[in-house]
Amino acid sequence: MELFNRYCFIGCEKSFEESEIIIFGAPFDGTCSFRPGSRFAPNKIRIDSYGLETYSPYLDRDLEDRKIHDAGDIDLIFGNKYAVMDTIKEYAQHVVKHQKKPLMIGGEHLVSLPVISAVFEEHPDLVVLHFDAHTDLRGDYMGEELSHATVIKQVWDFLGDGRIYQFGIRSGLKEEFYWAEKEGHTFMNKYGYDKLDEVVQKIKDKPVYVTIDLDILDPSIFPGTGTPEPGGISFTDMLDILQKLDSLNIVGADVVELAPDYDPTGVSTAVASKIIRELMLIL
Amino acid sequence: MELFNRYCFIGCEKSFEESEIIIFGAPFDGTCSFRPGSRFAPNKIRIDSYGLETYSPYLDRDLEDRKIHDAGDIDLIFGNKYAVMDTIKEYAQHVVKHQKKPLMIGGEHLVSLPVISAVFEEHPDLVVLHFDAHTDLRGDYMGEELSHATVIKQVWDFLGDGRIYQFGIRSGLKEEFYWAEKEGHTFMNKYGYDKLDEVVQKIKDKPVYVTIDLDILDPSIFPGTGTPEPGGISFTDMLDILQKLDSLNIVGADVVELAPDYDPTGVSTAVASKIIRELMLIL
Amino acid sequence: MELFNRYCFIGCEKSFEESEIIIFGAPFDGTCSFRPGSRFAPNKIRIDSYGLETYSPYLDRDLEDRKIHDAGDIDLIFGNKYAVMDTIKEYAQHVVKHQKKPLMIGGEHLVSLPVISAVFEEHPDLVVLHFDAHTDLRGDYMGEELSHATVIKQVWDFLGDGRIYQFGIRSGLKEEFYWAEKEGHTFMNKYGYDKLDEVVQKIKDKPVYVTIDLDILDPSIFPGTGTPEPGGISFTDMLDILQKLDSLNIVGADVVELAPDYDPTGVSTAVASKIIRELMLIL
Amino acid sequence: MELFNRYCFIGCEKSFEESEIIIFGAPFDGTCSFRPGSRFAPNKIRIDSYGLETYSPYLDRDLEDRKIHDAGDIDLIFGNKYAVMDTIKEYAQHVVKHQKKPLMIGGEHLVSLPVISAVFEEHPDLVVLHFDAHTDLRGDYMGEELSHATVIKQVWDFLGDGRIYQFGIRSGLKEEFYWAEKEGHTFMNKYGYDKLDEVVQKIKDKPVYVTIDLDILDPSIFPGTGTPEPGGISFTDMLDILQKLDSLNIVGADVVELAPDYDPTGVSTAVASKIIRELMLIL
Amino acid sequence: MELFNRYCFIGCEKSFEESEIIIFGAPFDGTCSFRPGSRFAPNKIRIDSYGLETYSPYLDRDLEDRKIHDAGDIDLIFGNKYAVMDTIKEYAQHVVKHQKKPLMIGGEHLVSLPVISAVFEEHPDLVVLHFDAHTDLRGDYMGEELSHATVIKQVWDFLGDGRIYQFGIRSGLKEEFYWAEKEGHTFMNKYGYDKLDEVVQKIKDKPVYVTIDLDILDPSIFPGTGTPEPGGISFTDMLDILQKLDSLNIVGADVVELAPDYDPTGVSTAVASKIIRELMLIL
Amino acid sequence: MELFNRYCFIGCEKSFEESEIIIFGAPFDGTCSFRPGSRFAPNKIRIDSYGLETYSPYLDRDLEDRKIHDAGDIDLIFGNKYAVMDTIKEYAQHVVKHQKKPLMIGGEHLVSLPVISAVFEEHPDLVVLHFDAHTDLRGDYMGEELSHATVIKQVWDFLGDGRIYQFGIRSGLKEEFYWAEKEGHTFMNKYGYDKLDEVVQKIKDKPVYVTIDLDILDPSIFPGTGTPEPGGISFTDMLDILQKLDSLNIVGADVVELAPDYDPTGVSTAVASKIIRELMLIL
């Protein structure tokens, strides 16, 4: 007599072997400088995903028809970010080497670095689409090169110019904006995503990694995050973005920076869950 | 020497006998499958209604000029939904038979069923306008025919095809969408209300019942509900809807699914209160 | 490469077959008349149990040395309490028939009824120890015989006089106190547990079922419950109680009425988790 | 067909005329210097009183057997404390002149002043029992003589030496403690109430007013107050106090300083409600 | 060895003498009739301003390049609004007489009155731009002339017709709307700011005072306020407004009615902080 | 014209040079494994200390009569615990070398290590009194030697046997209890402090460092902490402890592990503030 356990994301009960997408959590927020708590995101997302339906009327597709395995969370050690980076990378390599697509739930944005790095090893012509309120392009943060505020700069270190596309950006140091825009190291679409169509057209033959810092959303619909930045996009905008990405060859993705305890209404978790559902349906 | 009691909705102090509209609460949430608490809505709405003005600048009308009686709450028994249905229906019949219009505050959506049923007995050519995020068209929910997830299907059982108009719908089983859209059992305007004008035109000679599940609103403005569904309409959209309904012959209405404890800011209750004020001013 | 999942109570990873204790959740709160939400208890307890150690310095015992299986939650239908009772009883019978001890996490107190009933079938000379703030001895509650407020009366219906021992009771109808005390149908130790030693002595040769409504605790240490009753016992008192029970032949137990969302500090869940750990170590 | 309204304190539905006790609210917190919100206490207490039983097992008495009228709240103007004092005094005089006992629910502690003043007019040999964490004996607070921090000093201004008995005091200026203790203007029992028995004995032939600032309770059981002071008495201590007062000739009373929004668990309101119930049963 | 203290608004560390803008707090909420707590705004804004960057990508300007002094908070006495008005006015005069621009953080809206009055003394042809959800045009509020609900009427008393421009207004008494609109005492742009361009054009040669009641924003993005009014403008609208004001000769400003404790997500404070940053960059 | 700033602990406005006690914050929680947020403690304690009086009736002493400097917070880098340790140690050495006593406010317990280390350099015969719910004696935590769970073991590494006295301990690994108790490396008083008198007698001629992990308190009075452990001591117990320590030669102290955001009532911060006041009055 089998009981019921809601311990994987809704509709992701397939085994590792038979699945094409592997969803896993990286509950680390150790370099967070303002409000911590994104460590609690993966578990909260799984439990609240049962408030969702598996069917998306937007895409007319159903999770039940997909092959997805929820692998659980990586066990991470707070206080040693280098060990954390290594552990995540090791698991991401495991996924990639089995020809499966990693979909990571953060944690803070720094956890994207080892996954992008692992995917890059398999796809050397990788292009990164970066959705975020913040530039994340600092060279260092208070002397530290590994930080949520430097993560995209760290990715640029191995990808180089012309491979990173940033959308929704509305906060950063003057130097970061100038480095990206004036010097042209990344493509930056400030505030929104009005240039996404042309970018999609341009990269349509490349392997693409999508990293979504959920604080790209306006805090009216997504207050549960470390550094809320008013002036963001709406949830409907995000649905629109995901539909535009549907034609791309996405080989990996992540969704980061939900800090659920800062939103007692639970809406931020519902938003994250629905974005993850839609993202799985276009992967 | 008379003291002050804020125990009815603001501006609704008329007696039952002299009133045209009877507002009452049905604080039941017993079939709620995710987050309960809509039982607390009627009392919270009454108390917080004193943060409102009785005057609506949108309509240039004032509650003080209307004849409305706040009858209080029906006393309901948790754990026996059949008895709950009977008790609500009995009170709704009492209102309808006195040629007054019922305006019920839920509670979960299932409480609409007995009120619509009582109004239908008086108005056999009744048409239902259904504003909601969810289809609510399941045949059963885990084997139970009476549920918040089946309520509109239950209404269809006695109204039949062509009498139910659904707006704002963005979540449900694939089967529910197909049943409504492909098979045409209800008129479904997904996501928004762009077809409301033509529907109003079509039903302008019919008696109309308006059931508003407040989760049609985006959770950015209405987080305090059992199952928040990002991607909804704005409060301004809702004002627009109510103004479009002004020309109709509305014979009954309800406003359901506020779960106030999930929104510690109190905004969800303020939203519900203002919608109820506007609704009373067009009834 | 195996990831980490915190989806059973800490230290309860053994299989059903090899275990002596089966812990399972019954997330039902459908007859709750005041504040619902005990449905969320089992999952929250599991997740927060990882803030505990498996070792108890009080008992100098360790969960790692016990054979315990966490079976997950029973899938229950809100709005039909009769079906809920049947489903729980069926699972409890399954546990009892395999010669294992059930340890249920509620849910509201009504869920104890089917478990006690199933255990009684196996142990006809069963004695019940009832720890609670409330009498729970009503004949009916608003006409309904099955309710959190009637559950011990329902148990009395099949156990009869002299088999139920109540501790910590401090709230109820005058009639309930008189029925228990004046008429002697149950043994009632009001407010505290000063007569527990003599009761333990008296029942030491009987099979015992222990039902703990956590609201026996003072709301200072356990605010997260449906009906908080100031004037209860302390957590240290509860540890003392559990040590006194260590010598008994306990054949089944439950811990009910945690409503975790009412306590944003998480302390109520920590209290419940630690009580469950200690209870498992004396079973 | 009558519906149900929970708009008076449970068991206080008698009319003004037939009642011996008049309970009313004074929702003013305008001189509060730290955390406001006691204005919300009376309404919250009424609604949550329905989580109580009308029967007290401690006293073996039932509210149903008493004659009590809940008169509602006095309508007060924020920003003009002089007008507030006048309005409250006027209503208290109205109660006293009808030979009924006033039981006021605050609001901040300053609202006790006009009620004590009105009762004193009727009972010139009045004695005041003051239960509080704070001395409330300042001559002025930032230049203002009317303040929650000066209220007992204001009462002393018309009562004089030897008429005020203070219990539970654990916070104040050095000057206040010295004024009370060294100069002997009031009787002060610091931290607890170990001298209450002798005081009761001493004043047993006098008319007594009881003013309870709920922050005398330890914030573990009563966090919902403007200035929480750890180190207070327990709820059981408070029950003990009330039983000791049972033999006195109490002619008026108040219960102040619940600020319910600071306690999301609702326990502080439950505590206040139960104290009010017990207090009504000994009046 | 100097430690770090986050006790002024980010980027406002200049001395009083060298600065052009003086930012200060007026933590008073004593006439608030619904939900108090705006007293807590200035401190919360300062602390959370460290989640901001000093650089505005919208304006391509940086606070580091401006001369701004954060003077701290004025020490105010609750319960005596007349003394409060005097104290604020005295400090505002001090600022104005040193040829510096005051930027006050409230507190409730009444605190704007003494600052506007002080600025008016220096600039007799002053024009006031008023952004708010509420008319604030009552002659009195429950008999009191000084109130958050009368503040703009009080300003009109010395400015007279044609000098006050109101935007975003969506709540008030019928009489207030008629007084403003029909009788033309103020210029009122209901609901939004579509006529702001023409107003800016018209007053471009006048000294301008800008008073921003943050409840002009929709409560979806700004729930932390005393009287939330659904149907307001977005944060992006507010940025647009501030950019339109950039060409004006602003001689003083204030930002009022953040009640931070009503928004546990902290978003309302982040919104206020960012608006203050942008406002300082256009002053 | 000077305004008011509440940016140091109440009564600690003296300069560094003239002071005997230096209070400073170390807002680091980077190795916290369960619930982070102790980084927010120092600022919250300062602001809420204004709800306290400077006078202690327990000790009949006043902060106004002491020489104490509040130095602010050390600026720490999240994600590099080694740099954090160095920065704190450097500041503690600065304090100690000026013959002043450090009083640090954490942050998590790991921040005690560098302060004790700096004090030990000045006082080689240092004795440590450790008040805590947890043993904190692990050799490593998931492979890391520097952690909140290993901090007292780290202190033992340089102090050795017979120099550490632990009180209130009620949670840890079996191995930790055995290492301390059976092998005698530390003196451990489990659950309470009944052996404190004899310890005070024994160490009365030694320089003493007092480290208080506030989770020694029962979570009923102190819920705002990372890992709440029911079964702790009361606030009155803590006052009693501090009075017993009054005769000792305390050369440094810290108070750690307040995580204020987990306690929306603010009581935990009030408790921490009052303990710090009493501690300063006995230093």
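As written, the chain order gives the labels A, B, C, D, E and F, with residue 1 at the start of each chain.
Simple rule for what comes next: a residue touches a chain if its C-beta (ideal position, glycine included) is under 8 Å from a C-beta of that chain, and two chains touch if they have at least 3 such contacts.
Note that this is a predicted model, so its numbers are computed, not measured.
Common neighbours of subunit A and subunit D, by the contact definition above: B, C, E, F. Separation between the centroids of subunit B and subunit E, computed from CA atoms only, is 38 Å. Those residues of subunit E in touch with two or more other chains are numbered 75, 218, 220-221, 264.
Chain pairs recorded as touching, per the definition above, are A-B, A-C, A-E, A-F, B-C, B-D, B-E, C-D, C-F, D-E, D-F, E-F. Within the complex, the subunit F residues that touch subunit E are 1, 3-7, 24, 43, 47, 71-75, 90-91, 94, 264.
By the touch rule above, subunit B contacts subunit E in their complex via residues 50-53, 55, 57-58, 60, 62, 218, 220-221, 234-236, 239, 264-267, 270-271, 274. Taken together, the subunit A residues at the contact with subunit E in this complex read 34-35, 169-174, 177, 190, 218-221, 223-224, 227-231, 262-264.
Partner subunit A is touched in their complex by these residues of subunit F: 29-33, 36-37, 39, 75, 77-81, 83, 141-144, 146-147, 261.
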